[in-house]
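Report on the following structure.
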Amino acid sequence: MSNEELKSELVALHPSLVFEEGGEWLNMVIEPSELIPFAEKIRSADHLFFDYLFCLTCVDWKTHLTMVYHFSSTKYRHTIVLKSKLDRNNPEIETLCRIWKTAEFHEREVFELFGVKFLHHPDLRNLILPDVWNGFPLRKDYEDAVNMIKL
Amino acid sequence: MFLKDYIKDVFGAVKSLLIGMRRTGYYFTHHKEIITQQYPDNRDTLVLPERFRGEVVMPHDEKNEHRCTGCTACELACPNGTIKVITKFDITPEGKKKKAIDKLVYHLELCTMCNLCIEACPSDAIKMAQNFEHSVFDRSQLTKVLNKPGSKIMDGVE
Amino acid sequence: MIEELATTQEGDLVINVGPQHPSTHGVLHLVITMNGETIKKVEPHLGYIHRSIEKMCESLSFRQFIYVTSRMDYLSSHINNHGCALCVEKGLQIEVPARAQVIRVLMDELTRIASHVLWWGALAMDVGALTPFFHAFREREAINDIMEETCGARLTMNYMAPGGVMFDIHPNFQKRVHAFIELFKSKIDEYDELVTDNVIFKARMQGIGMLSYEDAISYGCSGPTARGSGVKCDIRKLYPYEIYNKLQFEEIIETGCDSYARYLVRMKEMRQSLSIIEQLIDNIPEGEFLAKTKAVLKLPKGEFYSKVETARGEFGVYIVSEGGTTPYRIKFRSPGFSNLSALDHMARGQKIGDLVAMMGSLDLVIPDIDR
Amino acid sequence: MWSLSDITNSIQNALNRAFNPTFATLTEMVIVGICVIGLFAVLGLILVIMERKVSAYMQVRLGPNRVGPKGMLQSLADTLKLLLKEGLTPDGADKFLFNLAPVIAMIAAMLLLAPIAFAKNFQIWDINIGVLFISAVSSISVISILMAGWASNNKYSLLGAMRSGAQIVSYELSAGLSVLSVVILVGSLKLSDIVQSQENGWWIFKGHIPMIISFVIFLVAVTAETNRAPFDLAEAESELTAGFHTEYSGMKFALFFLAEYVNVFIVCGVGATLFLGGWMPLHIGNWHGFNHVMDFIPSSIWFFGKTFFLIFVIMWFRWTFPRLRIDQLLNLEWKYLLPISMFNILLVTLMAIMGWHF
């Protein structure tokens, strides 16, 4: 399915999507609160069938955090990029682990490195960092006098 | 039927094991296949390919001259801050001030041998050497000054 | 069954496998809850060699960051570099010369064989056969020598440059690769004799570590791990980069879903890689090996994602650029991290000896997981 | 001709002339004890270097080649290192049992040397239940392993020990049954009788296919009993780091190590005695010239040659095969080896009754 067709299909599914220009794949922004219903729809809809969540990450834009999800379909081979803007001071979003199990580890990684709280995550603990760790290393304003080497 | 499968199982298993034993037995009896290199003993005959990246060196000619102009291109290219170029101003015979290197400090302990500094150098002043035996007892010995004391820039290199 | 196993009861044995353990191939730390010898839960604790490469790359230029990625999946370092170079080239819209493309693919496939050979030896060692490990290193050494001659290093090759490769191939390259092809063709049959057909090995691998088609997709598995479960996911076929769409090779799919299927996928992939090398080695086109690029690379504002097939699976590079000389945010989608997440699911209800074989069949490289 | 039995006889005569019989016997015992300990040390050294060289050649390496000529003194240097190392006892370990376990492993291995016929008329104790004695004493070694695993206060050790318990107890059965097939044919448990019965041909040749089957089963079962790969589940390096001796270091570890190798020597010696004729030279039917030449080779060389051949085969197994899983190991015993050896023993009995063997 080409990006244009995909776009019309997705708009039909969820009219309030905001599309972004640029990139080889379709980029769209969704409200955090609408993530789960939308994700369930694109996972289960037969003509979309986004069953493969191959990249889940977060970007710190200094004013807000953006969750970035890359979905593709093993059946139709189309790919979309879903983004969701979060409040930087209290980032919270629903977990996707119930739909894509791979999200469990990736969300734990994002949780400790960016401080995003994933609601209803089964096991939201630090995966990479020690259990007692202050700050979120991948945020832009993170400073660590001990572990960061400035050249 | 069950008995037949059972016996077939046993024989197939024994056969696969014997094939494996034949292979190891072959190597046990054929010592020519041994590929061990006796490293410290064969140091004299050890030849490393000329592209092997062991450490950064600055070649000097017999007049103790090098080609480095002190442009800091290598310092900028380095991902790890391995190279520090300390410059000074020489007075040329005509009485002009000219920028030249005082020291080119190379931190071998930080170097990842990525070759970017050599690619970046506009005057081919530095190159990779094939030495790979870098172990020292004191870390400070890994910080090297690449230009030899008293060395000058070669004529004609700008 | 799975639910029943998930609950910890009194009398369960909690064992720390790692960070120093002979079969975790690095510093992976697994906390295993067991009932006798049966595993109830596997909980990975990561980060022992987390260097935060993603953060490091934010302060490096687009030329420099490529070489840091060699240190992630050190067994397919060249393919990691390839992924990064592709992403930069995508952003700058650099056309890579045909010669460079062929050299890149050749090196990729050599790296893949080297990685799979090492995996084969390590897996055999995990299930208790020590001899294959040394035999594997013998062939790996031949590849390393080729790499050393052309790229200048054996493990972290740093041969890739945005727009091509750093230097041209060594004059001996073709000759030595031909010699290697001859050598490897005979040795790979020995591998089958020694390990693949061995009845004990089969008993250890077959029916162990089941990962169904649906689960493989849901856990985001890729590479041989997913292909062992029947998922078509070879990036070289599905999203061809460089000259892969012009080559004749098969995507290996096994439907056994067990450790043995994953094993077979990798064994067959080695033969496929060998055939790719055979197709290319005499057909390296003449021409430039490096496209002309600016001294300072500046990616335009935007987001770029490129993916390559490493020896372990899909390696993705996601660059967010603000138009400067350094990436604003960079994310490496490493195959090992997703593959590891399926370990708990696979291991439940199996024996501890199987866990080791399963980890071997996943081909985990710890720096790839920790980054 | 100069032989080991002549040396022992002359020593005995000299002692009996010099002292009264009681004191002579005591002195003999001391000498034998010292000899056994010496044999132990020498065997340990030889077998370790042999294993390292065998593994090296199979793995296309050179193996140890620094200490002594061709590295032959490597194991001596290793022993020295182990002697000088500190023997650590982990915190929380049962100190008494922890220190006792390696000693028991050694004692069990030493006791087994008693009934073995090393050469013609050269045997420490020709006990009339020799075969039974060997199978009884060899099961003691499992106690030391269980003790070591339990006392170490380490979960890996415990798992290894428990595996070893299950393994040795079950493999004892098929080892016993295959030994029994020889006993049925000979009609005696005494090792000297068993050797004597093979004067005109070894049992493996005389006994048709059933004896070959029981020989193979014996070899597999003793490999498992001595915890050697592919049955080294008690150690299982890649799973349990080092199994029951994870926490041992220094000389205590060396004792376990030594006991393992001496056990291998003993089971191979028993195998050589039962199936390959012990110290009996190779005789073929009516080839009198050939038989005569074979008789010139000293009996001790025959015995050690056969034993070391079997040891080599067991090492060959170790460096070729992957390890089995614990349930597969028990399956192999209960579903394959035991039924086959039971059926085999029926055949052997039939053969013995009908006198079909040569």
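A, B, C and D label the chains in the order they appear, each numbered from 1.
The criterion applied here is as follows: contacts are C-beta pairs under 8 Å (C-beta built on N, C-alpha and C of every residue); 3 or more make two chains touch, one makes a residue touch a chain.
Keep in mind that what you see is a predicted model, and the values were worked out from it rather than measured.
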Query - Touching both chain A and chain B (chains) - result: C
Requested in this report: Looking only at C-beta pairs in contact, point me to the busier pair out of A-C and B-D.
Outcome: A-C
Query raised in the report: How far is the middle of chain A from the middle of chain C, if each middle is the mean of its Cα atoms, in Å?
Result: 25
Report task. Let me have the rounded angstrom distance from the C-alpha centre of chain A over to the C-alpha centre of chain D, please. Result -> 63
Report summary line: Distance between the CA centroids of chain B and chain D (whole Å) is 51
Report summary line: In whole angstrom, the CA-centroid distance of chain C from chain D equals 45
Query - Junction residues of chain A - those touching two or more other chains - result: none
Query - Per-residue multi-chain contacts in chain B, two or more chains - result: 17, 20, 23-24, 35
Report summary line: Expected list for chain C, residues touching two or more other chains, is 131, 138, 194-195, 198, 200
Report summary line: The chain D residues in contact with chain C across the complex are 55, 58-61, 155-156, 159, 163, 229-230, 232-233, 236-241, 319-328
Requested in this report: Please name which positions on chain A make contact with chain C in the complex.
Outcome: 22-25, 27, 51-55, 57, 59-60, 68, 70, 74, 77, 81, 100-102, 104-106, 109, 127-130, 137-138
**Report entry** For the chain C and chain D complex, residues of the former touching the latter
**Finding:** 13, 15, 21-23, 37, 124-131, 133-135, 138, 194-195, 198, 200-201, 203-204, 351-356
Query raised in the report: Which of the residues in chain B come into contact with chain D in the complex?
Result: 10, 17, 20-21, 23-25, 27-28, 31, 33-36, 38
Report task. Note which residues of chain C are touching chain B in the complex, please. Result -> 60-61, 63-65, 67-68, 71, 131, 138, 141, 148-153, 156, 158, 161, 166-167, 170, 190, 193-195, 197-200
